[in-house]
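The two complexes that follow have subunit A in common; it is paired with subunit B in the first and with subunit C in the second.
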Partner chain A sequence: MVLEHKKARIIKDRVFTIIIIGLTILSILPLFHITIEICIRGLQAIMQSKLDFFFGVPSPPGSSQLGGIWPAIIGSFVTVLLASLIGIPISLLTSIYIIEYPKSVLSKICDKLALMLTEFPTIIISLFIYIVVVVPMGTPSAFAAALSLTIIMIPYITIQAKEALRSIPFTYREAAYSLGLPRSKVIFTIFLGIARRGILTSILIGVARALGDTASILFTAGAATYSFYGLFGHAGAIPLLIFKFIQTSYENWIQLAYGAAFILTISTMMIILILRLLIKEVKL
Partner chain B sequence: MDRFKFLTSFFPSILILIFSSMFIVLIYNSLPILEREGIRFITDSTWRASESNPEEEWYGIATALWGTLYTAILATAITLPLSLSTAIFICEFAPRKVREFLAITLDMMATLPTVVYGVWGMTILAPTVRDHVIIPIVEALGWTLIFSEYSPSGQCIFTAALVLAIMNIPYATAILREAYTMIPQVYREGIISLGATRTEAIRILLGMIKHAIIAAVALSFGKAVGETTAVTLTVGNSFKMSLSPFVAGYTVTSLLVNQFGNAYTYKYASYALYGAALVMLLINTICILAGLTLASRWAKTYGFRT
Partner chain C sequence: MLIDSEYVIETANLNVYYGELKILDNINIRIPRNVVFAIMGPSGSGKSTLLRTFNKLILLNPDARIKGVVKLFGKNIYNPGYDYTEISKVVGIVFQTPNPFPHLSIYDNVALGLKLNGIIKSRNEMERRVQEALEKVGLWDEVKGKLKMPSTELSIGQKQRLCIARTLALKPKVILMDEPTSSLDPSNTRKIEDLIMELKREATVIIVTHSPAQAYRISDYVAFLFSGRLIEVGPTKELFENPSQKLLKDFLRGGYG
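This part shows the complex of A and B:
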């Protein structure tokens, strides 16, 4: 009787274990399916137009030629670069403030706010920049898109940089301050140096987010399929191109979307692998 | 107050300024439609645009709101068991190598751009789901009124929920995992020493992180409500309000994406869209706030490391 009861418990344990393992496999399986499918279809597209894929413009809809996604690549590069130039200083200084003055009301609010902003619907950012920047300027532009991406980037960099700065051992802090340097010197020459790996991680995460975000630039970047029109003209971007082209019914544009999706997927994975080498635990 | 503090306080202030002005701008721009239609803006499902006569325009977002809540609830229901078992597997079963592999995989899932999920969901998942899930169910249960029709492209509420669920797994897993590892080792030792099997121990330990589970549900729900790109590509985008998850629908976010382009040709359409965005943002913010507070309060009440 007792033995049977024990047996039942052991069987229950086994079944439970199998269910857990099965569900775990089920939850990571989609990633591999996505990666494989996107790689196969994307590589096909890139093989078809070779180097032209990176340096050409999309061929007209419906033609047998593919063309390339050069305008989207340059658009993404310019907007993300500009967003980094604006966003990185703001977020680093915010994280420094949160760590250096943890008791002030401002830093407590910002601490929570940064976390909230990572879960923020990015389409709202698009609407906001549309009203505040695009309408007064009269046209969507690469500049407006860069501002959207800045807002995307800030919370991620702030949170990660904050963690990096927090992990500096207290004895190091004490030693740095005992040198008699002013606070700004201590922070910029010593603390940022000690936490440089973490800071780099934070910037990479921010860039990865900005590079892949579609919704936030949907209304702010405008439409530039065939060319790049400068900082204050319409701009394209890789995620935007994927989003628009995959919804068309032209075979060659759909192919281009797959190729672009492949590039986006590969660059994201590269960034994640670099992050893993830089630091063990990543908070995304 | 030293000078450095004063100078750097400028930057966190920017963060607060951006956040609050987003709310203010949305509220300001949706006032006209809220004044005009009142509560019926949320409860009505007619979406009527008129170029000639603005008086005839009427915008009710009930359809989109229904779609948003439906997809988010379905998505959360799918995410929870999957992320719970992934978290348990990582904490209890996985050897170090496997754990590291899973960590990298989950990181990639979290960073993979949403548009890639959208492309996959639209062109690969949707037809598969249509052929292997929707059609068999509709054939078997078609006599009930609920399942009588389905979306021929496979793009429907259910597909969107599936993609959302996959996208939310890494986030929910991270919260659950963090909470699970925070349980002091002595509890686990105590339970095991009473002769409990691993299953029984896990069940007791899960009871201790109940708040974290609720937090994970709230956060994934909030995230699902606000997700745009992947949903727009998979939900099917049609003004249909149905109980069936296999019918193409609209969510607030996909409504915004699809209607924003020509909204300015009508008098009230753009206000209606801002209003819809505001309602969506409120749901999202409440869920996220509740989730974050629950997650931190839970750690405090149990006296665990925070």
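This part shows the complex of A and C:
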């Protein structure tokens, strides 16, 4: 009787374990599939075009040549760079404000707002910039796209940087003030120094997020295909190129889209990997 | 700013609240120059809070409120215009857990206050002051070859002595110590206690301790706190040999804390 009971328990345990393992595999299977598919088809495209893939423009639709995605690469680079230049200082100062003035109403609003913005549909952000920037300027542009990406980036960096600052033990705050340091120096030489890894991680997450976002620049960049027309002209971007080309029926453009997807995946992963290795954790 | 006052620190009707909770109840205390002054009492008696009112660190706690007067060399530090920079020229503090800045080197930890307050600009002078501070705490010989190493590489006893050096570099007239040996082993405790007795030649040391034995070993005066009230204060020998209050008698016998 007792033995049977034990047996039943073992069987139940086994079944449960198998179900859990099965579901886990099921949930990571798409991820594997996507990654492998992108790697194989993307590398094929890049191999075919070689260096021309990075420095050329797309060949005409239906051509046997692939060409390259240079306009999209430079467009992504410029918009993300500009977005970072605007977004990173705003985000860091906001996170410092939230931590340093926890009782102020503005700080509480910022805190909640940042959290809400991360959940916000990015297509609405695109629409917003379209109305306030693109319509008055009369044209979509790299500049408008950069503003969209800034809004995408800010909440991610703010929230992560705030958590990094919050995790600094109180005793360092006391020690810094007891040495007579003014508040600005306490923040910029002590807190940002102790939390440097967390802060840099927050910046990376924000940049990676902006690099891959498509919907937010859908109405604002202009999706230029063949050239980069400067800060205030139509601009392409890697995600936009994927979005546009994958829907066509031209084999060479579909291949370009896979190549671009591969570049996007790799560059996002590289940013995170390199900085993980470079920045040493501050041991407390 | 040094006014020729007989006492380094004087409090008058000092009350401290955290929100609605009263932590310190009407403290009146006077601390003379160049002595080791111990504040002892069981856990939760308000010792650390009292210590932090002497350099205003208490105000870093957003819930803390102060009523009453704390005079540093005759001037009320809670008057407006008295900021941390001003206080740090006279008062230094060492904390319970060693807390050298983990992202800075051993050298930079000691040099930081001098550098950022613009007290010393020349590099040679800075190196001399850093060495002097490290020598005082007996750390120089142990670290002179690795001044650029992160402070986290040190042992816990060395870290605490580094923290004392960081404070001494600013040449304070008053040194506050919040149970500085409570996380250290006996040999490191001994080193720091010896150091404290030496320091009183040039500064006043105010030390919080929960150990009557430590207070007896190193202090000239002792104050006994119990649940936020100052129960008894006086010269250490007298107080230990002849405690007048029952609470103190029980504490010395090991009844609390």
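In the analysis below, the second predicted complex is superposed on the first by the 269 of 284 C-alpha atoms of A that agree within 3 Å, B and C clash if a C-alpha of one lies under 4 Å from a C-alpha of the other, contacts with A are read in each partner's own complex, and residues count from 1 in each chain.
Here, contacts are C-beta pairs under 8 Å (C-beta built on N, C-alpha and C of every residue); 3 or more make two chains touch, one makes a residue touch a chain.
Keep in mind it's a predicted model, so treat the numbers as computed, not measured.
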When the two structures are laid over each other on subunit A, do subunit B and subunit C clash or fit?
fit
If touched residues of subunit A are counted for subunit B and for subunit C, the larger one
B
Between subunit B (first) and subunit C (second), which, if any, makes contact with A:102: first, second, both or neither?
second
Quick check on the superposed pair: does A:179 touch subunit B, subunit C, both, or neither? Answer first, second, both or neither.
second
Which partner chains sit in contact with A:10 here, subunit B, subunit C, both or neither? Use first/second/both/neither.
first
What is the C-alpha-centre angle with subunit A at the apex and subunit B, subunit C at the ends, nearest 10 degrees?
110
So, A:266: does it touch subunit B (first), subunit C (second), both, or neither?
neither
For A:119, is the partner it touches subunit B (first), subunit C (second), both, or none of the two (neither)?
first
State the minimum pairwise Cα distance, in Å, between subunit B and subunit C in the overlaid complexes.
13
Subunit A positions within both the subunit B interface and the subunit C interface are 182, 282-284
Residues of subunit C touching subunit A in their complex?
52, 55, 57, 60, 62, 84-89, 91-93, 95, 97, 99, 101-104, 112-113, 116-117, 150, 152, 163, 166-167, 170
Footprint of subunit A on subunit B - complex, ascending:
2, 4-5, 8-16, 18-19, 21-22, 25-26, 29, 81-83, 85-86, 88-90, 92-93, 102, 104-120, 122-124, 166, 169-171, 173-174, 197-200, 202, 219, 222-223, 225-229, 233, 253, 256-257, 260, 273-274, 277, 280-281, 284-285, 288-289, 292
Residue ranges of subunit A touching subunit C (in the complex, touch as defined):
102-103, 169-182, 185, 189-190, 193-194, 196, 282-284
For the complex, which residues does subunit A have touching subunit B?
9-10, 12-13, 16-17, 19-24, 26-28, 30-31, 33-34, 37-38, 89-90, 93-94, 96-98, 100-101, 104, 106-107, 109-110, 112-117, 119-125, 127-128, 131-132, 151, 154-155, 158, 182-184, 205, 208-209, 211-215, 218-219, 239, 242-243, 246-247, 254, 257-258, 261, 264-265, 268-269, 271-273, 275-276, 282-284
